[in-house]
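I have a structure here, written as structure tokens, and I will follow up with some questions on it.
Letters A, B and C mark the chains as written, and numbering starts fresh at 1 in each.
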Amino acid sequence: MRNETIQLPEAAFIPVGLSLSGAENISRPSITFWADVRRRLLKNKVAMLGLWLILLMTLLAVLAPIVSPFSYSYQDLAIINQGPSAAHWFGTDSLGRDIWVRVWVGARVSLAVGIFGSVIPSLIGIIIGGVSGYFGGKIDMLIMRLIDIVMCIPGMIYVILIMLYVGSGPVAIVLAFALTGWMGTARSVRGLVLQLKEREFVLASRTLGASHLRLIFDHLVPNTLGIVVVSMTMGVPSAIFQEAYLSFIGLGIAPPIPSWGQLANAGVAVFRVFPSQLFIPAILISLTMLSFNLFGDGLRDALDPRLRM
Amino acid sequence: MAQRILEVNNLEYSFDTYAGQVQAVRRVTFHVNAGETLAIVGKSGCGKTVSVQAILKLLPEPPGRMVGGSIRYLGEEISQYNPKKMSRLRGKEMSIIFQDPMTSLNPTMRIGKQIIEGIRKHERISRREGRARAVEMLGKVGIPSPERNMNRYPHQFSGGMRQRVMIAMALACKPRILFADEPTTALDVTTQAQILELMHELKQELNASVVIITHDLSVVARVSQRIAVMYAGKIVETGDVRDIFYNPRHPYTWGLLQSVPHREGDRRQELTAIPGTPPDLFHPPAGCGFAFRCRYCMGACTQAEPPQTDLGNGHLVSCWLLDERAPKTETPQLAQRKGVREHG
Amino acid sequence: MGKYIVRRLVISVLTLWLLATASFFLLRVLPGNPFQTEKLLTVEMQQKMIHYYGLDQPMLTQYITYMGNLLHGDMGYSMKFTNRTVNSIITSGFPVSASLGLRSLAVALPIGLFLGILSARKRGKALDYLAVLISVIGVSIPSFIMGTFLQYIFAVQLKILPIAQWKGEAYAVLPTAALALALLASLTRVMRASMLEVTTQDYVKTARAKGLGEGRVVFFHQIRNALVPIVTMLGPMVASVLMGTFVIEKIFAIPGLGQHFVNSITGLDYTVTLGLTIFYGAFLVAANFLVDIAYGLVDPRIRIAK
């Protein structure tokens, strides 16, 4: 053994007694869960790219229409269907309207519908699912059966029916999403709450006499927060998709208010001749969905406790 | 004359992680004789599972990596075997059963088939013969109505039953060595005793060797002939079961023996726990791994790793206390002398 | 297994009933009547049509009549194409849509699963990154937008495939590709995740410990178990293919059921909308039911109680 070569003096054999000091050295600094999540997320270049793109889009959506000299509805029939130029960065459409402005006004609508159309159903779902899972009993069973029954059919069909009834427009769309989109979240939150309810730390807390409210806010919420945030983030591209889809089948947002889906649909009619009128909104839709997907994926990975260092 | 069928020398195994290299096994040396039971004892994380799974190459590489040492089976070096050669060894010459019977069986495959597929990999037999062998093995491990039950799925059995199925699977090809990684830890006490008894019987019948990994000394006392005590990736003391229980010489072994609560004895006696926490294997200490928790610690202990002292009869200890310059220390009062099975 | 099947059956019937009822009332409550857009009809004739379709009856009577007819498989006549029954529209359009849908599934399933498995096995290597990239992009581009991209590249620019319609094998390529890509992308993602999850399980270690060859371990122990979560995805997958056909058929001018559905919505042809909604609902419910049975077959823990 290597130690053979080390000559130890007699003094080395005097007992020094128990010294625990060295053992207490923790070589890795411990950091809190959320700090770790933030660190991992920031390190994820792909997810950060997604985030930057989202912020960029939002910025343009807010500023571009304000800065531009054109309004989204101003028609100039003398300059219809022009390609991109210095005056009109994205060109003009079949009624002579500036596409750049229309795209970014449309961005406001699409992004708003996307975000609200994801957050609102998620919130409804969290409340219903959380309450149902937490209190259990007959009501829980009833709600879950209802969800089972309704969810056999894709939500889009219900959305179509609702839109037929309510009419078009961004508020109508968000309403339709809110009415139909909460069920998936409710089911998963309920499942999560059921799992957490049985975990030891809840039992321990209850033994110590914690009230319902305390249990919910101190224990259940932090543990479900991650999942909920991810689900909301991933719900945005889904909502944007649905808005575009509705526009393509004629149920989306009615002109003259533009939305990306509506612009794309209008572009389909002329794309053989003027492809940019379709592809500009189409690419923006895809890019936005991609950004949210990438960021949401990164968020999910960052929150996964198994990957924790 | 004891015949050595497995010899592990200076095995070093590490894991490459984000935060650096974890040296899980740091120059471990032990051997297994034909027909005996060797117990590897130590607390969780000391490297016993890694050592054994490294022998069978069951650890994912990356991040695992065998850094050095040699593993010889029946005289032949197997540490550099390619996957194909390893697959011929596994199941046929050496088998392993794992700790958690609830997750160790494929949930979508009938248990009979899980046994048969192992046999048919190593032996050329017909399907009917395979079925017959599976039924026979299931009967041997105590599964009732084996012909019917072999068509059942794992989730239809209890934990104890599943562990028996695992044993049946592991012994179906009559291996020379059975590794048992904490086979009873996940089971209740009654079932524990049954499983250990079963393993003992089958081992006698097949004249196989068993390497049992455990942190539970009572298990050790019942079934093994030799014991290797592991701490922080190294073996600190090895010996015959009687030597270890009646004449242990390493302070960690003393700590282990002292911390076992005993049935007969002064109820008012405190439970002795070993103070402190195990060392960080990212930066293993230069000296003895146990130094900081040892009340007999000396200057030498933190400076250099102790050499191995041979006390005769295969009793090996790595501790500076055995150096002639060290003060004489009395083996402390230890309990639990009973329970050491007299083996033939 | 029997109890499980009966339960799923009851839920399926309830779903269908709920859908039919909800659609019925939603559509009937819409203001105006479908005939007022027909400039050829005078007011008296509109009243006659209204009376003929029973639209002047109290709502509940209408409902009961409709349900009664439904149970006989009678969904009435189209309000726009007054000489065609809804059923005939279904029988002419459904085979086309089904063909499109089946082709997409037939392409997406094997490729998606294979890529997912490959990607998991070669984790961290170039192939994995490529597969993940493709699948993330595929999931982010709506199928109808992908359809227009494909049309532009292959039909307009390269001119190697027809741009629209459904007159032969070549016509099916682009629409199938558009639908299949999105499916494929999500299949790859899920299969990859599932395989990675399974690979860390103890029973895979046990399989290796028995000395089984890598092929056997991967196929019977890893893939077999990784498929279980995929089966649960099949229901939503069929649904999304179905919904996808609506827009794809519109873009590619394919004479399938989706086109009729979309047109009936914009043209306010209520009987067709209602009839097709119920038909689609029934189809999806049946598909989900079959998937549930498949799930029971694939996972013995579901089909056999302890």
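Here, a residue touches a chain if its C-beta (ideal position, glycine included) is under 8 Å from a C-beta of that chain, and two chains touch if they have at least 3 such contacts.
For clarity, every value in this text was computed on a predicted model and none was experimentally measured.
Peer 1: Draw the chains as points, connect those that touch, then say whether the picture is a line, ring, star, complete or other.
Peer 2: It is complete, because no pair of chains fails to touch.
Peer 1: Out of A-B and A-C, which chain pair has the most contact pairs?
Peer 2: Pair with the higher count of C-beta contacts: A-C.
Peer 1: Find the geometric centre of each of subunit B and subunit C from their Cα atoms only, then give the gap between the two centres in Å, rounded to an integer.
Peer 2: 54
Peer 1: Which whole number of Å gives the spacing of the CA centres of subunit A and subunit B?
Peer 2: Roughly 48 Å, centre to centre.
Peer 1: Can you work out the whole-Å distance between the CA centroids of subunit A and subunit C?
Peer 2: 24
Peer 1: Show me the residue ranges of subunit A that touch subunit C in the complex, using the header's touch definition.
Peer 2: 145, 148-150, 152-154, 156-158, 160-162, 164-165, 237, 241, 244-245, 248-251, 264, 268, 271-272, 275, 278-279, 282, 285-286, 289-290, 293-294, 297
Peer 1: Spell out the residues on subunit A that touch subunit B in their complex, using ranges where they run on.
Peer 2: Residue list for subunit A touching subunit B: 1-4, 6, 8, 10-28, 309.
Peer 1: What does subunit B use to touch subunit A in their complex?
Peer 2: By the definition above, subunit B touches subunit A via 18-19, 275-280, 282-283, 285, 291-300, 302-308, 320, 323, 325-327.
Peer 1: So in the complex, the part of subunit C that touches subunit A is made up of which residues?
Peer 2: It is residues 11-12, 14-15, 18-19, 22-23, 26-27, 29-30, 136-137, 139-142, 144-145, 148-149, 152, 156, 163, 236, 239-240, 242-243, 246-247, 250-251, 262, 265-266, 273, 277, 280-281, 284-285, 288 of subunit C that touch subunit A.
Peer 1: Quick check on the complex: what are the subunit B residues that touch subunit C?
Peer 2: Contacts found on subunit B: 56, 58, 83, 86-92, 95-96, 98, 100, 103-109, 117-118, 121-122, 153, 155-156, 166, 169-170.
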